[in-house]
Structures are given as structure tokens and as C-alpha cells.
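Letters A, B, C and D mark the chains as written, and numbering starts fresh at 1 in each.
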Amino acid sequence: MITPLLEPDTLDVVGLEKLIDHLIHGGVNGLFILGTTGEAPALSYKTRREVIQHTCRHNAERLPVIVGITDTSLTEAVNLARFATDSGAHALVVAMPYYFASSQGELVTYVQHLAAQVPLPLFLYNAPSNVHHVLGLDAVRKLSELPNIAGLKDSGFNMIYFHKLVWLFRDRPDFTLLVGPEELTGEAVLLGGHGGMCGGSNIYPKLYVDLYKAAAAGDLPELNRLHSRIMQISSTVYRVAPEDSSYLRGMKCAVSLKGICRDVMAEPFQAFGPVEREQVRRHMIAAGLLD
Amino acid sequence: MITPLLEPDTLDVVGLEKLIDHLIHGGVNGLFILGTTGEAPALSYKTRREVIQHTCRHNAERLPVIVGITDTSLTEAVNLARFATDSGAHALVVAMPYYFASSQGELVTYVQHLAAQVPLPLFLYNAPSNVHHVLGLDAVRKLSELPNIAGLKDSGFNMIYFHKLVWLFRDRPDFTLLVGPEELTGEAVLLGGHGGMCGGSNIYPKLYVDLYKAAAAGDLPELNRLHSRIMQISSTVYRVAPEDSSYLRGMKCAVSLKGICRDVMAEPFQAFGPVEREQVRRHMIAAGLLD
Amino acid sequence: MITPLLEPDTLDVVGLEKLIDHLIHGGVNGLFILGTTGEAPALSYKTRREVIQHTCRHNAERLPVIVGITDTSLTEAVNLARFATDSGAHALVVAMPYYFASSQGELVTYVQHLAAQVPLPLFLYNAPSNVHHVLGLDAVRKLSELPNIAGLKDSGFNMIYFHKLVWLFRDRPDFTLLVGPEELTGEAVLLGGHGGMCGGSNIYPKLYVDLYKAAAAGDLPELNRLHSRIMQISSTVYRVAPEDSSYLRGMKCAVSLKGICRDVMAEPFQAFGPVEREQVRRHMIAAGLLD
Amino acid sequence: MITPLLEPDTLDVVGLEKLIDHLIHGGVNGLFILGTTGEAPALSYKTRREVIQHTCRHNAERLPVIVGITDTSLTEAVNLARFATDSGAHALVVAMPYYFASSQGELVTYVQHLAAQVPLPLFLYNAPSNVHHVLGLDAVRKLSELPNIAGLKDSGFNMIYFHKLVWLFRDRPDFTLLVGPEELTGEAVLLGGHGGMCGGSNIYPKLYVDLYKAAAAGDLPELNRLHSRIMQISSTVYRVAPEDSSYLRGMKCAVSLKGICRDVMAEPFQAFGPVEREQVRRHMIAAGLLD
């Protein structure tokens, strides 16, 4: 889930509620808040807590709520985890602490200390382009033995890593393996993964739900049709500006063009101006996302 | 194809002939020599020319022969391309020149100058972990307009890049899109790619041919069975040593355990010692590659 | 300054006071708290505020206090800046927001928005190995025009970047250019820089103060003698363990061997065990840091 | 030394002779051919051999000639080394083999095998931005024990690495430590290094010779004056285009503006057009390099 904002660090509660209803209406199986797409590290703790509180309240147990608690400080991650638990969240996601270069052993110890202090199922999050560490296969195997490590979300863009995890956990169907980028969800599910967390759902959830269903059912013609449309969105809606932030800004702009919330970005990013917005609009029409 | 060697820079002609027959017997659709798996940049030009000559001679037009001409010097790449043409090769593969950091525009100009001087179909080769450049989508589109650019082999490990190419060339079925790592061939073919160049074929070509056929036929249960076995090989046979070279050394060791050729490596690599060799042997038995 | 801790996120107030007196006694010209060496991103906000409060109180205006406010959230950085101002700090240091890959333009806008909201002189902090952005020369020039940007601390390890800044600001003696790693302070000061922030001062401040003085006075024989000793510390005391964290853990261990505070580390790091501690002790004796 | 060219792979023998005389007249202490600045990896072997032959002939033992033999193939590196020896060269320089990611142990073995086959003193070359390996301190120490390893040229841009080498070899004055980028020569010599290989000498050798002399003599005012001018050249003449190649193209353009040779570049680079050339000319006048 993106984080609807009124100001760069002010939650848009009405937008959040509309977004949740939009997602549930679109058929998604869970709500993942405060991840990379949610711009979590760019939000203050006050705002992050509000996102948790309002999501849990408005969701009202319709779907599982999964909360990103990634932080550079173990204490702040634990604090957020406890707040999420008290607010009624169902699971947590944690990427490795960033800023300091750390060895695999240091990362394992960190997660062991963290997991011992959080009361909910915890998903590992491999996000090397953001945290600049890869969580190695040996580290994942070791951490998977902890009682509340529930699985892993891989946003590493390297499907060989993901396939190795599928092979490593071939006898652990309870260890959930999810893929991050929506462009890789199809193949992840076809080849033994359990699902995906698709940012594009914020715009048009049904498309990504249908992709998952087609992959899970092994319906290859339908999957190829949907996958091609997802690649069109990825190649056009998300690529309007030259910056790396184009993905996030394009997605939020598209959600705002769907009338769900505004496209205010958290710092250090800025919403698109009218020229890029018009480009996004045209790309959305071409991809069947807008009339 | 690996390059069978008697000494670090001495071709094993008999081993090469046995390997070619082994591959053809296994059902592969083409022979790709002097790529990364062939350790081409580590071989002298004399040896590279011998590989070309003996492969073309022994193949005797049974299969298309594709020759890697990647070099840091345009002249040497062109020289090798001409030698390959004269020897009867059918196509060429070129990765971007390495050593110097170059802009996308500089890379495009380089390939334009190269393509104009080579008489065979030329495949682009995206190999960022070796040449430290990604060939961007805009560059590929521009180069695809040249008459003898036949397609692209992607060894970038990022399937989003590959899927974007498939979408970009959705109306150009003649522009062949191949994937490099064998671990990604299944999904590449399932989702619109045309095939793969699988190093593991050197050990057991039938497995990779069957994987391709299952993917092309949309036979998902069979594909998953074969893909899982390929991931087992990737997770065990190729991971016996901690170095990055473990993939190449493990593969060549496995080919030698199949009795096809010795596992002499070109510098800077060294063959495995007896301990690692025994580990490879046991992994091969476990994966059904040896009795 | 390192952050003396009783537990991984519990400030050691007595140790902090001893450290401040040790530094002032050693002749340093300012106190820089909550930087990389201070493990700031790994501390909770509560602990960071306590570091600010107790440092300002115990320093009692003896020296300027400079506070690191680097954060992924603009709001939290501003909050910390305001707390520092209210506590009596004299200046601030900010590295670029990390987690998200950002363009130079996005970084400039971020600092502009930040600088407008903080009431103290603000030093830019180039720290690419931690934040994975280089703050480019054009960005620095643009930001230097803001009224409260006081200078830049460079921890980029690339002295060509630093020398280009010295040349760029050759007519702006008021724009203070400091270097981060202590191993580069000598040459920075010899060739036009204004000073250094030397982590080793925590162990033995006089050595680094003397280095600065020798460089500022152009006393090359003395500088070479001191620089060689600093390189000995860097090559031995900081290199006891294979991890990147060896620098921080070695430094904190050395400070504890000087009897100033314990060597408890913030997560994700751990204090050295007895074997490494003994090695640090022996290296300190060899370098004349312990009797 | 740059490589004067008539065509992208055709040596300009007259230009080469003029350049050699220009350098000797400017007071340099040696001639280093076929390095990064000489675009060696982009030249064919035929052209590389011509550079060696004509340089040794025209130099006529006036200065030591040092030849870069860096290659991805050990055999080709040895072949070039033997040709250089037969042509009368005095020493060799080798960077680590590139293309394949290699461990430190693999790099050490490679150099051991290479050194055993070359009959001249061999300098190690740390060039991570080109070959994507850092030659670690332990590897350098091990290789320094070979009889014909004469020293190391560091183009790694990280002076801490260089200072650690100076400290490591503090009792080996015979092990020559040189720095690559001209912008770092001053501090390298001031703090225990033995000299620099300065590409800018191709334009105006006296400036870099004077810098070396000022550093060796400890004349800080003179050194600062010269260093500032070198930084001006680095910040202007070398920064006319946005590409990384701007350094090489700017330098070669400047040499051509001095009337020594043309600025034809080897592929994948191209000479500047008239607009950039005019900018280089104006920057040269501003820096006192042209009247």
C-alpha cells in the first residue's frame, strides 16, 4: 500500500480509507502497510503510527494487516512492532538495518534479538537496492528456525535467489515465500512461490489478483495476457521521469488519477507536475486503467 | 559450451569433439562457444581461434555455431568475427567493451561500428556482472534497427529487464530474446522469451533441452519437476567452493566426472582439488547426474 | 564522539561525562555527537536526545557542540535539530537521506527544505559508504548559497572530491571544509582544508590535535611522525576482526581499555570478546596508547 | 602517456615521437606506456606492439620505459611482456585480470604465475574502477616477496589504502609506491610515497614535475600553488563533457591543442567536437596551459 498524504508528513485519513476499500473490493488477500512503496522510512514515527492505527481500524478484521517495521534502530523497530500488535495488526515485515555495512552474522544476530521481542509473526524482507545488504541463503535458513519467522519477501530482483529459497524450503510449505516486484509475481507463483506483494494493486488491484489466480491455476494464456499488461504499466506509467523515484511517483500519480487520494509524496520526493501527470494519464488510458 | 583444456591455455581437441557430440546427442539446438562459461576472455587469441576452427569442423553443419567475440578492442573483436565467418560459424555474440566506464551513447556507437564490420548475424549480450555496464532498453531498441543485430542474450539476472525487452519487442518476433542463466530459462520461455543458453547442458544436455520443451509446451508439472532439479544442481554442484568461480569450476569438474574432458581451468582459476571433487561427485549422484 | 552505552540502547551518562572531559583535556576544538562513529542511526530517538542533553549540559559551553541529525525522515531530522537547538548545541551535521535512491536534484530540494526549518548552522555530510549517495559538486555549490549552510564534512574517502571542493570554494574561506577519516586529516589540512573530525580522538585526543597542529603549521617531519602512528592504529587497532564494523568495535574497545567507558555496542554490532580485546590491548601498547 | 593515433587503431608514429620529446624536455623521470590513459585495452595487439617498439626506439635509453601488460588472458600478458623485454623496455605494470570476479587468492596465484614468466621488474597496479577488484593489503604483502615485484601503482582513489601500504612497507624502501591520479601525487609524496604517474604530463609535463619536486622538497607554499593549478585543470579541462570519458578525451584534446598530436580516440570513445574543443581551449588559457 502507498501512504496517502495531505502534506509530505501528514496522513490523508479519508484517502487511506478509500484506498483500503478499493483494495478489498479488488480482491486482495492482505494489506501490507509501511513498506518501501508506503514510503515508510521517509515518514515520522507519529505518521507511521497513524497509518497503522487507521488501517487496522478501517480494515476491521476484513483482511490480515501486515506492517513494515524496518528501521536502523532496533528499539524503534520493536516500539513500532508493539504498537502494531496493540493496534490489531496480524504480522510484521523487517528488512535488514541499513546505514552500517554489516556481516551476515551481525544481521542474523540482529534479527534474532528483534524476533525475540516482537509478539507477531515476522516476515524477513530482502531489499538490497534499499538497504544495501543481501540476506544470504545461510542466514535465511538459520533465521527460519526461529518460531515466529513466518517467511520472506524478496525484492532483490534476482530470481535465482528466489528459486534457491524455494528449493531450500521445499519441505517447509509453512515458510511463506513472497516476491516483491509485481513484474516477477507470475513466474514466482508458477515455479513454487506463494504469492506477491504488488504495488500496482494500489492503482488497479483486480489486475494483480487475476495475475496471481492465473499463475496459481496454471492458466498460461491468461497469465501471459495479464503479465504483458503489467509490463506495459511498468514500462510506461512508472517510467515517465528519469529519476529512480519515477516508479513511486508514477504509481501515486496514477492512484490520484483514479480519484482515490492525492499524490503528495514524502520527502525527498515530489509529486509530478502537470506535464508528467498528463503523460501518466495517457499511459493509463493506453493500458486500460482509465477510461 | 565450456572450453576443454589440456593446459590453462592449450585446447583439448579430443575433449572438445566429445563435448560437441555429447551436446548434439543431448538434443541441443545450437552450439555457443567462447562465452563466459567458455572462459573466452582468459584464453589467448590463438586458443580462441582453435576453438572456433575445431568446433566448426567437428560440428560439420549439424547445428548452428554461435561465437562470442567480446573484447576490449574493437579491432580484435572484428578480427575474431572474420575468422569465425571464414571458419563457417553462423552467428556472433558480443558483450559491451569492458575496462572503461562508458555511457550508453558510447556503447551504441561502438556496436554500430562493430556491426558494420562483421558479416554475420550479431547477438547483443547483456552481461553486467562481467562487463559492469547494463545495456539500457533505449540502446537495445536503437541497435535492433541495424540489419544484422539478430537478438539479445540477457545474463543480467534481473528478469524485469528481460520482461521489458519482451514487451518492447512484442511486434518483432524475429528479434530473438534469450536468457543466460539456466535457472531463469523456464520463466523466460513461459513468458514470451525464445530460449536459453544453459551452461549446465555441458554436464547433462537432455535436462535443459527437456526444460525448454516443457516450458515451450506449457507443461507446468513437468517444468516444475525439471526446474527443481536444475535448482538443486545450482544450489549444490555449483556451490562447493566459496569463490564466485565455484560455478565455473563446479561445472567443469562435473563434466570431467562425466568422462568428457579434464577440468583444467584457464587462469586466473584453478581446478578443484580432491576434496571438492568428491563433493561435486556426491552432489551429482544426489541430483541424478551420475550413477 | 562515540556514544558510551550501558546497554545497546541505554546511555552511559557517567562514561559520556568522562569522555567529554577526556576530549577537552586532550585539546580538541569541538564536540561532534551522533555521527557515524556515534552509532546515531542505531540509537532510539530517546537515547539520541539524552546524548544531546547530557553533552550540552556537561560541556557547559566549554566547546562548540555539533549534532548529527541525519535521518530518513525530514520531520524526525527537524525534530532532532530543534531539540539540539533548545539544548544549547551550536551547529548541526546532516548526511543525505538514505534508503531511497535519489537524484541530485531531489537531494538538493531535501536539504533546502531541511535548512529552512533548522535554526542553527548546518554542515553537509558526504558519507557515500553509509548513505549510498555522493553529494555532487554542483549540489554542494547550490546548497552553499543557503544562509545557514556552514560547510561540509567529507567522509567519502576520495580526496580528489575533497580537493575539488577546496578549489571550488577557494574564494569562500567562510565555507568550512572538514574531512572525516582521521587517516586523511593531514593531507586535507596541508592542501587547503580546514580540519578533520577524527574518531581516534576518543582514544587519544592529543595525537589527533597534534597532527592537526603540525599540518596547520606546515611542520612536515612532525606530521609524518604522527601520521605514521595514526596509520599504525588504523592498520592494527581497527583491524582486529574481519567485519567492516571492526573499526567501530576496535575504537570503542580501545576507549574502554583506557578506562573511560564500557564498549557496549548498539545493535547490530557486538562488543569484542576476550580474544579480540587482548589483541586490541597489545596493539595499543605497540602504538604507545597504553602503558 | 596517451597513445597518439591517426585512426582509432592506427598509431601516429610522428605524434608519438613528438610526445616523447615533449615529456623528456619537460623533465619527467620515466615513460609509462599502455596504461589506462594510453587506452591500452582498447588497442589491438598489433598497435600495442608498435607503441612499445617506437617508444623504446625513439627514447633511445634516455629514460626508463615502463609498459602496461594488463590483460584478461595470462598468455597475452606474457606475450606482451616478452615483446617489451625484447624491445628494450625496463619494467612492466600489471593490473588484475578483469571480466571474471576473482577472489584475492585467485589474484595472488595469477600474479605469481605471471611474474614467474616475465623477465623484467613488475609493478602491481591497483585499478578498481577499471578492473573491479581491489588488490587487498594481504595480497600485496604476499606478492611483494616475489623477486621481481618492484612496487605498486595505486589508482584506487582511496588514500587510506595508499597510506596503509606506506605503513606496511615502512622498512622496505626498495618497494616503490606510486600513486595514479595526478590530483593525489602531492599528498602521496609528502606522506611517504615515492612518486606519481601523472596523465596531465602529456599536456604540460613541467607542472607535474615541479609538483613532485615541491612535495619531495617539502616546499608547501610552492606545492599548494601548483596543486591548486592541477585541481583547476582537473575541474575544468577534464570536465567538459558529462561522460566518464571526459577525462581522457579532455586530456587528449588538450595535447592536440598544444600541437603535439591529433586527438583521435580508440573505440569506444570519440574525439570532442568543435564546441567542446573550444571549451577545452578556453579552460587551458585560464589555467595558463595555452597562450
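Just so we're on the same page, contacts are C-beta pairs under 8 Å (C-beta built on N, C-alpha and C of every residue); 3 or more make two chains touch, one makes a residue touch a chain.
None of these values were measured; they are calculated from a predicted model.
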item: Lowest number of touching-chain links that must be crossed from chain B to chain D; value: 1
item: Fewest hops from chain A to chain D - one hop per pair of touching chains; value: 2
item: Farthest chain (mean CA position) relative to chain C; value: B
item: Inter-chain centre distance, chain A versus chain B - centres from mean C-alpha coordinates, in Å; value: 35
item: Mean-CA-position distance for chain C and chain B (Å); value: 48
item: Complete list of chain pairs which touch one another; value: A-B, A-C, B-D, C-D
item: Chain D - residues contacting chain B, complex; value: 8-9, 36, 39, 41-47, 72-76, 79, 97-103, 105-107, 109-110, 113, 129-132, 242-245, 266-270
item: Chain A - residues contacting chain B, complex; value: 157-160, 163-164, 166-168, 170, 181, 183-184, 186-187, 190-192, 218, 220, 223-224, 227-228, 231-232, 234-235
